[in-house]
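Below: a set of structures, written as structure tokens.
The two complexes that follow have chain A in common; it is paired with chain B in the first and with chain C in the second.
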Partner chain A sequence: MTGNIFGKYLQPISVLHKKLRQKQLWSIGFFAAVSISLISASLILINNFRYVDVNNIMVERQILSTPVLVIGLLLSLFLGITASVNLSREYDKGTLELLLYGPVDEVAFILGNFWAQISLFGWTMVGVFIWSNIIIWMFNLAFDLSLLLILLGCVIMAVEIVAFGLLTAVLGGKTRNALVVYILVLAIFGGVQIGDTLVANLVLISGSTVTDPLLFLRNVLETANNVLRWVSPYAQLQRSVNALLVGAWPEYLLLLGLMLVEGSVLLFFSIRSLAAKGVRTTS
Partner chain B sequence: MKKIIQKFFLVLLMACSVFCLPQSVYAQESQELSFVYGTNHYDGAVYSSAFIPPVVDTVYLLADHLSILASRLTDVYYWPITNEYRADWDTANIIVEGQLEILRGNTVIDTVQMTEYVIQYDGLNQMDTIRLYLGEEAVRARENFEGLQAQYREDLYLYYQDMNEYRQEFQAALADLQAGLITEDELPEPPEPLQDLTLFSTNLLWGFPINLSPGNYRIRLRTNDNEVIPESVKDLVIFEHQNEGIGYDVFSEERWSVPESAKNVNDVIYTLRDQIFFIEPYHQKQYIERYYVRMNNPQDSVSRVDRMIWVSHWPAENVSLSIGTTSGGFIEPLENYFVQQLAGSRLGYEIIPFDPETMNQPSFTAFRIDLQTWSNLKGIALLDQDGKIIETSQRDIHILNTDLNWLVYPLAGLPILLGLFILSRRKRKVRDVKVVGVG
Partner chain C sequence: MRQGFSLQTRHLTKMFGDFLAVDEINLHLEPGESYGFLGPNGAGKTTTLMMILGVLEPTRGDVLIADQPVRRDAFDLKRKIGVVAEYQTFYEEMSAWEYLMFFGQLYEVESSEPKAMKLLEKIGLEKWRDVLIGGYSTGMKKKLGFARALLHSPELLVLDEPVSGLDPYGIVQIRELLLDEQKAGCTLLISSHILSEVERTVDRVGILANGKLLVEDSMDNLRASVGSTHKLRLTVDHLTEEDLAVFKSKEFISNLEQHGNQITLWVENNADHRKEIGELVLDRSLIVLEMRQEEVSLEEAFITITENNLAKFTDNIAEVAS
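Right, the complex of A and B next:
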């Protein structure tokens, strides 16, 4: 019985995932995204090195943590968009209807799409690990096993972002709608977090009780961030990395577990929504 | 009539000009007296004080250390420049008598009586000598301080008398010396200089001593008429530190006044080849930012409960530094250094070992690391008097090779080159397939 279920799902998931992954690897977009994320990470690294050149001393817990986070964030955003666009296009072109009349059902279709992006992301993280070690060797940086755990955190964040991309595609139907929802929601998450960080630090510069024109904004952003930090993948990853670097293992594991649960919930809703909505878009 | 109207407008204009002139004096209007708390709280190393105006609804204090809450009536005013409430203690500083009730939920778990207290410390070593005395002990400590003050005044008077006598004797002896009646060895000796009174003491003050375990409480003041003062009801958060350990301030010889802090045991110190840098060790504790900041500044509005801060409390003493290199371990002693400004209008300084014979006091106490001596440095750790490594004092040190900066960009471009290669191969394959198909 179990064998039948596996047989029923594994085969189509495997075929779909290979097909989609190959499609990604045959387009320049994915490689461009990897290069852009590596260049962004390199800029942050060089910024740190320049600081040492000027100051002679720099203290950092894990000099590669921010560059690796940036790589993970940019790539997961790219793969989330790709997952969303792939699925929406199947809707737009009507090929989804064709697929679901065959051996592929909603579960296999969503999981195949999901696994294609995640496996690609996972292999890219292996590449990032190699890149990190080359950087460590070139510049005599400190190697720390926390790097592997940061990369693991990035993979789990990608699970949540790709699952979210699939859900927006299912709910949005058309490619344009799906992209707008996907970008808008992630921009709000990122915007609130970045805004909160910037404003909180700006206020500190001018003293704690001094009249502060940003006080109201700061309080609003802090409140919003206090809510979003439990659902935003960026905030969760950043908090988990901070927890990791200070050795707060329970918090690190809790946040990773939370991201996995939220990713699973998003996947579940994607499958349920696809089953409930059907394969035809309403024009 | 016309003149009368002209005069009227002239007077009106003058009156307007007086009222419309910018007011250059700004003073807060006096208000009714308000109930406030003041604290003399232990901040992890010494005793500090804070003012808690009526708008602040939560008091923060450290757990398992004696702190004082004082209840007062005073004139509270708002100071817009710093956006905070202040007390005009000169106008009114009236002790509000009663009993302080400490509640957990709605249950009173303790009732604290008001008592006398005094805080005293030796100015030469505040951290080790600071002490808070309560009740009878406080009265005795204050009496002892006043006795020492009186004794010091008396000794000072005698010293100046001796000094005057010495000067007169010295002048006379100098005349004898010039006349050849005595030798230089027979000149009178000056009196022994008087040791300063370094003990500092507060006056005998009144307050409620608080020493609680961590948790959330409420406080209220019940007057001797058995009435609760509504403004005295506040939340009381008693907190403890989250972590403690050894922290370091690290600075290069060229930038001694801008140190970097290595507070976490996972922190790595990065530096460059051939540098000379200094490492200052200190004992530190980690607190929840909001709790610690608001204990010291109850009107703070920017600290957060989701952030932690390390607070360096006192410098590490009687320690040495274990330096790990690829060729073995070395031990470096803690030394005093003096920053000597160079003469002339051009800015400059040099850091030299402190010499107690010629210099007043050291600028800093630190370990000196010279990377020309230890070019293969790996890490450091602090050793106690018995030569054992102090927990949380280990730090890795890495010497960066920043000459290769430019290489990171070609490295980042490799994926796109790989993509172009795969794309061209794929195109070639597709073209070949077409050719074969057509053929």
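Right, the complex of A and C next:
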């Protein structure tokens, strides 16, 4: 029975994913996102090498971890946006309705969209792995299995971000609304994390007392950041990579598992919300 | 030869909040039958079609296609249904060929390439197969929508306003395609305002108004039910007042209108009265230029039925309001 259901969904998901992946693969946006993320990663890497050169010490166990994380983050954010835009456009233009007349339902549609982004991300991570190995070979570094595990973590982070992009599209309805919701949530997440670091430094510099409003602000941001550490995919990935590099395997696996669960929950809600919303409300 | 799917709706009802859009509709289409689904704007036709296609959940009632309940995930069933919606949507960044190939894969069509080419040739789009759909005219898009709906050789074809937006040449092409489908055994459900087109294609019609199915019958029975008379147009060389008085005196002529030398007679349809009228013309020594018997058109039947219903509906509303 389960096999039948799986087989039934496999075909439409595969056809939808191929169409979307092809469209995305040849888009300027995707090449721009790949180029920007590779340039950013290269700059970070150069900086790391300069640090090693000047100080004659390598602090990080895996010098490629931050560049790879940056590539993973930028690309997954881009694919989250495109997932959101693709889905809301299909809804807006009415092509979703056309698909639902045929062998596609909300489950197949959402999973087809999701799989298109994740498979593209997966292949890009294969490219990043090759790029990393070229760096390792060029600079005579030691190959470490942690690189593969970081890449795996990036893919799982992308699962959560893309699922979130799909949910914003379903809830936002119009393409513009979906994008606004997506960017707003990212801005809140990023703002809290950056704000927490900045205010904490300010508190230290100004030597604040207990009655200082700055201290109150720091406490608020710190609490919010502590909550986000369990919700924000990037914070989770960063923590999982840190755990991995110090050999804390249970924490690494727990965080990856948590990201997968959160991604699945977001996907589930996307499907349920789309089914509840329907493609038409009136004749 | 295809078998065609049967279609049955049982007490199909849809409410949007307090508004009753579709009220207890019971349709029954035999396999291979062509059915015209008619009604004025806002009658609930599209809502009914959406429920039949499983895109809209009914508030009450159910839909059976080939004796199977229609569910959103009934993929095998949906692969045998073709749909041409009133407002069609396309992936405008694709060419017609890519579009058809995509749907060919989705519907698991075997050897979709020759089928797609044949359909494009039939609708005259083969030269534009590699042009992006975004550059197509409304009529070209409409025809491409037909090609998509027919690519998988459906057992049931659901058409919402199939010929709107088409030029006369396009209408003829689509009519031929529909007749081919009909001959191949496909069941057709056609919702349209262009009644002359429906009249040419369907075996039976259902007329919907205010969410209710008012009438469901064959074309002949529908015409007969609308009025007890039919029209006879008679054009004579010279017509006098005396001649008119003689025509008016005949019992089987219930009404008469004169336009110059042409008179329109409403005669009882209990028998063929052309012989009696011929004798009358001879008695009066009139020279007949033309005599033509006209049946009640679907348009007239439609207007009569829906107007009666509208009057009742308005009376009910006035009664409730008072």
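FYI, the second predicted complex is superposed on the first by the 256 of 283 C-alpha atoms of A that agree within 3 Å, B and C clash if a C-alpha of one lies under 4 Å from a C-alpha of the other, contacts with A are read in each partner's own complex, and residues count from 1 in each chain.
In this text, contacts are C-beta pairs under 8 Å (C-beta built on N, C-alpha and C of every residue); 3 or more make two chains touch, one makes a residue touch a chain.
Not measured: the values here are computed from a predicted model.
Aligning the two structures on chain A places chain B and chain C side by side, free of any clash. Of the two partner chains placed by the overlay, only chain C lies in contact with A:11; chain B stays clear of it.
When the two structures are aligned on the shared chain, A:278 is found in touch with chain C, with no touch to chain B. In the overlay built on the shared chain, the residue A:106 is in contact with chain C alone; chain B does not reach it. In the superposition on chain A, A:94 makes contact with chain C only, not with chain B.
Considering which of chain B and chain C touches more of chain A, the answer is B. Per the superposed model, the minimal spacing between any CA atom of chain B and any CA atom of chain C is 5 Å. Across the two superposed structures, the residue set of chain A contacted by chain B and also by chain C is empty. Contact residues of chain C toward chain A in the complex are 16, 21, 42, 44-47, 50, 53-57, 72-73, 75-76, 78-79, 81, 83, 85, 87-91, 93, 102-103, 105-108.
Partner chain B is touched in their complex by these residues of chain A: 25-28, 30-32, 34-35, 38-39, 41-42, 45-46, 49-50, 52-53, 55-63, 127, 131, 134-135, 138-142, 144, 146, 200, 203-204, 207-212, 215, 218, 222, 226, 245-247.
Residue ranges of chain B in contact with chain A, taken from their complex: 80-84, 250-252, 254-255, 258, 260-262, 264-272, 275, 277, 293, 297, 299-304, 306, 308, 396, 398-402, 404-405, 407-409, 411-416, 418-420, 422-423, 426.
On chain A, the positions that touch chain C within their shared complex are 8, 11-12, 15-16, 18-19, 23, 93-95, 97-107, 275, 278-283.
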